[in-house]
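Read through the structures below before going on.
What follows is chain A paired twice: with chain B in the first complex and chain C in the second.
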Partner chain A sequence: MSNNNMITITIDGTEVTIDGGKKIYDACIQAGIYLPGLCYDPKLTRFGGCRMCVVDVTSRGRTRTKWACCEPVKEGINVSTNSEEIRKKRKVIMEFLLAAHPLDCPTCNASGDCSLQDAAYFVEQKRGRIPIKRRNEPLLIDNPVIERDYNKCIMCGKCVSICDEIQGNGAIGFQKRGYWTEVGTPFRIPLKCDFCGQCLHVCPVGSFQDHTELYKGHAWEYETTSTICPYCSVGCTVVANVKKGSFVKITSNDLIGVNNGNLCAKGRFGHDFVQAESRLTQPAVYKHSKQEDCTWSEILEITANNIKKTIQDYGPDSVAVIASETMTNEDAFTLQKLFRSIGINNLQTLSNLNNPELNSGIFEKFGALAPLLDYNELSSAGSFFFFGCDASKENPVIANMVRVVMRDKKIPLYIANCRNTEFTPHEEERILYKYGSETHLLAALMLKLSVFPNSEMVNVENPFGSPGTTPSMNMPTAADISGVSEEEIADMAKGLSGAGKPVIFLGKEIHDHKRSTDIVAAATNLANFLGGRVILYREYCNSQGVNDMGISPTHLPNYKKVQDVDLAPAIDLFEKMKLGKIKTLVVADCDPITHFNDGKFVQEAMSQTEFIVALSSFATSTTKLAKTVFPLTTSYERDGSFTNNEGRVQLIRKVIEPIGSSRPIWEIMKDLGSNLGIEMSYNNCEDVANEISQAVEAYRGFSHKNIAFGSQVAKYKAMSDEKHSLNFTIKNVEQTEQIDVKFPITAIIGNSLYHLGALSRHSKTLNNIEPRVSVELGPDDAKNLELNDGDEVTVKSKHGAIKALLKVDNRSPIGVVFITKNFEVAPALHLIDRNDSVLKVTIAKS
Partner chain B sequence: MAITVKKVDRNVDMTLWERMYIPEMICGMLITWRHFFLNFVGLFLEEVGGKHYRRIATVYYPEEMPIVPVAYRGRPVLVRSKNGIEKCVACGLCEAACPPNCISIIGGERPNGDRYPDSYVLDGSRCIFCGFCEEVCPKEAIVMSHDWKNLCEYNRSKMVYTKKELLYPERNLQKRFDVLRDKYFSAYRYRQSPNLKTEPKE
Partner chain C sequence: MNDLSSAVNNTADNQINIDHVNEILDSNKDFRGGAIPVLQKIQIKYGYLPKESLYLVSKRLRIPLAHLVGVASFYAQFRMSPRGKYMIKICCGTACHVKGSIKLVDRALENLEIEAGETSTDNLFTVERVACIGACSLAPAITLNDVAAGHLNADQLEKIIADLKADGLS
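Now for the complex of A and B:
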């Protein structure tokens, strides 16, 4: 598409040297000349719809009027942007645009942030000669977040392009013809899409409006602060808009952050948890058989005394800490510093409890092959391979990046999944395997790949891991176990080796898998053969950072091994709790009852614990059991930093004042420390950050001042080690299990597009979009079970039952259902038995 | 610099008539008595239904109320239209135009998509009665009323008016609207021109 020749052109007398593939508009931006371009967006394909960017181009002695946004630069052309003729033309075009655009600026939400307004001021066009015709279409409010106003649309086509090219939805398009053209859904059916709000980000006028903003103010009244989204691990930069101390809305900026202005529904609309009614505002202590509000000094004293007493009476092993992965690096560091300095080493996160080896030991086991990848490297990939990854639902912004690379470089996409996950544009090859047979499939792919010689494969000696498992592995068995035909595997292998340098995405299904470490190792080997890379998606915004800070019983900050600790403890934390061995439990910013497997068991175990200290922003099932409850600030009310999937450390900024008397964890830890006799001399969050940069080698040089508006990629030491092949065991999870005939359907539990973690359920907007837990069932299964779309169903496993809403769609193949989690009313994780690897359920009408 | 002194003759030479003192004193008292008499008679004449005779500005407040001219700028009020809701659309222009920044608006949205001010606070202790808000308002939703009573308080917090306190029925403001339309739109422009007519679709 682009050739790298540098070309020199003249714009209004100044010479500009620019890349050959660019357009004249880009050259104007480079030269610092403003051109009113209403349909121009550098991340979209050119449309040339508004004609406002007309310029005179003189080449070979002839002058012609061209559109700057569509005209490629050529050597030696002379561009004039501000001649009398051009000014006149622009003015006439603006006159026509305004003839069909109602001048409702005072009551328009976009006023102050409107490209048309700017352009009209630029060309000095007031009310034109043409009488204004109003269309008088009603405002369309058919969904909880996006309002559409056909009257204001100027047909720039940006929303159609972004919905199609970047979001892959194609939910809106041009309808009707001529003057009555409108951008919307066919036949004006209600909008059904991802509700990402990309259309309202690109809309130059107020045709698309944020319904959650509710006309609270105008663009010029908002104070904007760029911070990091507190949901998933991509680490998008969001711009918070605040009016008079109250949070109004979130916008995005194309120029800041990793996300290039793209956001998903959670990031853009899921911010109203900040001012939710369910926020905890006062510290509370359990006394007189109920929780009562108290002062900070009281709660700190009670908690500190209890921890001291427990350590004295039962020893430090009787205290445990469960931390969330949504806390900042500073919080995690002070938390582990305080508890380690009083001798408590039992620091856990829910993800580490589920999969002890994968998260905390990742650098030890994988070294240089650790599944971290700079997002910029996506553009140099040869192909994309989604393995057990539903990118467009789990990490929509990563899916956006992939789509942009696929559009620009025509890169093929391969998908292997146990469900028919959707991804637009369509993949080249797809493999539908049986859940549990991932290692077999990956080994079979590698076996096939050795048929297709590749120079980079020669160095690898031991592709199939530990020698004991190799003999049982051959193509027919692998095909049989994974339920994929040999030809399909062969096609996939051929495609992958032909395209070269794949980037393998491992999603939530792999992350939560019982054999995830083996699968990641196998996928890493496969990528290594082909010269590609692996990305494993962590679940929460700071999953990487919390592990870097050493919230793990086996590792200190920077993955230093703790001495005298078993890597795989024989008995896990909740069983210990159930036996009454844990006397005091500190739960920091998470809710294990809703967000951990087998929640009922967790609840029973936690009620055996004498003293639970809960640090939480919201009232949850855990805070109900707690003896002391500390109210926490959310990420929008404090400073700090998050580390995303690529190991990029990014700053979060205080946007509004803390609600009530809530405080961040590092402050609480500091005061708790002084009550426990451990002095931590931090005056602000920056002091903690400075100490992190001293203590954690990967974060050397990290300080809040250094990365004020940018970011810094952590330099993990292990990343510079040599590459080697990884050992993994090929094992089907179903081999060890006895499949119960009573429960024939395999259930996969994951996050839906609109809910992630504890925050989203407190957001009114996201609850409006997706109010309740849903079960996705294939049409064939639904026919057999005589169920219809929208039915109320009961999902039963041998462990429990939940009520849910049935959705019939093609995503689920025969014998597989997908259940969304995170709903505390009907927690899908309560269905899981802690000893089983595969969840088997039945579905019946309730 | 040398100081220059100008001598002022303070010993004004009085005429004989002035030096006699008594006649001048009587002249002065006559003026006083004339005013007294005219006021007294004027009040009496008005009581019996005669012509209003007084030529003085003093008003016997609070028994008597002054009649303010139509262009008088009193307390700014929000106009409540006939259907009982405010005309304001929370566009924020008055907020932007207000020189002492006394207005603060938080907008809201009605179920049909219309804008309205969710909260409209006007700090009367800051207001300078300039009338810019009224001039800038595209909807005639805020006007300076003829309300001038009870604007002073002993406590400033009582002078912060909320939306409820600011609402004022539209029918009582007709005269003010006429003045405004004359002043800012000069009658002929306010008449609906054919260009401004709305045309329904198809």
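Now for the complex of A and C:
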């Protein structure tokens, strides 16, 4: 905790001025003085276990030996880190540490990246007087990614702390006592956790190792490049380790980026899609009734000719583009520029098709209240409120940040969800509501807080108006519909208002919800009333940037409105396709058949399209239908930029050479432009970035030179500065339509911790962790349906069926299941009927 | 002998009824930071800490299981496996050691075909080596279900075990 009181101390004759809440170790780091501490990590609770950071502290004429990591700085103290006496003490401590550590350095993967090695070398301690005693514990390989070796452990406790405090798992702890202490799982059960690899990041020795990269290289052989993770919208900085042009592993750096060295399983282990065998390496065109490899000039010519001809014959409205939200800003900008220059405005992303108001329309709808938030503001929150949000699975590193703030500032946590999602093993307040009743619950919270003019009844169509002839709602109805008692609602309202300034997180569940705009508006009102903020998680690494760049039929770059185009058109793109109105469809880096609701309908619709141009890194259901297939580079093979959840523009850098003849989208757009008579004079990706900084007002001053990590946040100009109450309708989704009694279980489809979008399924490591689609069912339901954990089941909706693996756990309450998406072999989204608000299913053994 | 057998209570072969754990947790719910007292009460009830009880305590006290098991495995007072009907603790303190407590340990373990700290297959005996029990004048000393007996030799201990075995089987 900082008390903002700057004080000055002397370390080895150098004066250091530092925040009074810090420890001597921090002052040494600031002064650039190395201490051979092994258990110290600024982001974790002080442990003081290794004793290697001993220093002499002279205060008021008396000198005492202290541990630098635990001793607070005090005005005027004199610290000596390298006296004869201290050197001797450190040497003895090291002697004891080495007595219980096997000196396996020649075969240890951590060699060269080992704090113990560095420290022993620093204190010049060779083999000591004490005979080395080996524990001879077997190597533990009980999961696909994290290998554990108790023999090497020096009991620094960093892994235990990070797993509990930051990851909220608490999967490992100190077991037993004395010499036989081990950092392990309870009862030595196999490690079952998030597989985030935070433990192997903090491990100072080789006790935890990345099983996927063993014996592939030593620390000194790697070339490292910092870039941005291509998975979710948090925008973590990852450090790619490359040996002789081959991408080996990802590590993290605590000092750069927004993530403070934290990564999740996808970020840390899910990089092997880059060199996967399933990569597309050659352009292909459809001829002689199959796809055949061709040259770049051939595919560009065929594609350009087709687009020209389609526009000529059917007009520009017969061409449409669906782009992914994982492409870079530069790609998105050139893509929209090219297509808009030839008169094509039908540019879509899948989430825009799903809900334009929460994507390209977000500034229009919410203005100054748009649910974006700088991560730095998390530390000034009064409380955290997770609403319909499974942060620890969807955006694990934001969850890490929140846990750190909760730990340091003792900030309360409130969770409202329709499932028992895990967040922390420690204190929290939680309510469980019925899916579909979100607006009722939020309105009830606001009723309790007297946000509305009338203190007992609320007009459901205009809550801020007075209840008149239109239907109204009060506390008992809200409690009845949401399944949360009035007392629980009152307690939570009291807690939220007492803690002040909540940060409300809305999850993917809300984003995908049929009533999402109303829910976001309601939550925004609540936050606004309490002086807090709302964050709406976007799904992919550049969801924000792609919208900023104007991949939308309604908005140009920087959210300039396109004239005469409705935000919510009467019939959507796929319906148009089904009617045969779209003759040419360009699909850039995504697969709508797997990743959009009602994939079956999407597939039928796309089959009606005469000419599909697919740009993709991998073979997908969409590339199978395509007439021309362009191989794309992944984000690790090119330069560019991503804009994260906060609107922070971050540089991605080329880590390895492009695989095969794959190319980035901006290059393809440039060449396609030449074939279409549109000249774009970019020599490299940076030229595109420079043009973006001219064309997009929020990105003014942006260039690849000045966006070193996390330095620039896009300056969005809100549509209005005024914060006013947003209108919303209070409506329960289940009230709106007839529910078929044959399908009694409510299913929620979402991303699992290990799979997101199109990339993760091509990562062998992530597939090893989670190989297939699973259904989470509560124990009571499982008993009633006579199903057991691990059963093969068929999930049926009125619209379709998929086969899945059953997981019985406490996350799902009675009548609710969670199904993971992203699996192309059993796409959960195919269960959804595009006209329904809520997915209802049955589950039976298959 | 007589005083020893009278010390035997019915700590062994309790049915694992998890309701007791819930009761214990309920009675301790207003006491913050109370993991150890809860574990102690569970051990008194069951004679050891059943795995199921640790899962439940972890969940209800919101302590990660790895940390709770860490506590339980740190203290020698907690047992993680069922104890036998008869708990024989053999003192291995200095005085008892000098008087040959090793022979008692060896004989008892050999006789019951177990390792120190384990429970015999018939669930009758658990043998533990313990540090000084403070009965040096009785060296070599043992406690049988918390009642001390002293001046034993290996043959006498074997007879005690045999008698108790006969009792237990009858």
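The rule is short, and it goes like this: the second predicted complex is superposed on the first by the 814 of 846 C-alpha atoms of A that agree within 3 Å, B and C clash if a C-alpha of one lies under 4 Å from a C-alpha of the other, contacts with A are read in each partner's own complex, and residues count from 1 in each chain.
Just so we're on the same page, contacts are C-beta pairs under 8 Å (C-beta built on N, C-alpha and C of every residue); 3 or more make two chains touch, one makes a residue touch a chain.
What you see is a predicted model, and the numbers here were worked out from it, not measured in a lab.
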**Report entry** Which superposed partner A:G217 touches (first chain B, second chain C, both, neither)
**Finding:** first
Query raised in the report: Is A:T185 contacted by the first partner chain B, the second partner chain C, both or neither?
Result: second
Report task. With the two complexes superposed on chain A, say which partner A:T623 touches: chain B (first), chain C (second), both, or neither. Result -> neither
Requested in this report: May I ask you to decide whether A:P106 touches chain B, chain C, both, or neither, giving the answer as first, second, both or neither?
Outcome: first
Report task. May I ask you to decide whether A:I132 touches chain B, chain C, both, or neither, giving the answer as first, second, both or neither? Result -> first
Query raised in the report: If you stack the two complexes on chain A, which partner ends up touching A:E147: first (chain B), second (chain C), both, or neither?
Result: first
Query raised in the report: For A:N169, is the partner it touches chain B (first), chain C (second), both, or none of the two (neither)?
Result: second
Report task. Scan A:K244 for contacts with chain B and chain C and give back first, second, both or neither. Result -> first
Query raised in the report: Is the number of chain A residues in contact higher for chain B or for chain C?
Result: B
Report summary line: Where chain B and chain C land on the same part of chain A: residues none
Query - Touching residues on chain A, where the partner in the complex is chain B - result: 106-107, 111, 131-139, 141, 147, 211, 214-218, 220-221, 243-244, 246
Requested in this report: Spell out the residues on chain B that touch chain A in their complex, using ranges where they run on.
Outcome: 89-93, 95-96, 104-109, 112-113, 115, 118, 138, 194-195, 198-201
Query raised in the report: Inside the complex, what are the residues of chain C that reach chain A?
Result: 51, 54, 62-70, 73-74, 80
Report task. Please give the residue numbers of chain A that touch chain C in the complex, ascending. Result -> 160, 164, 169-177, 184-187, 425-427
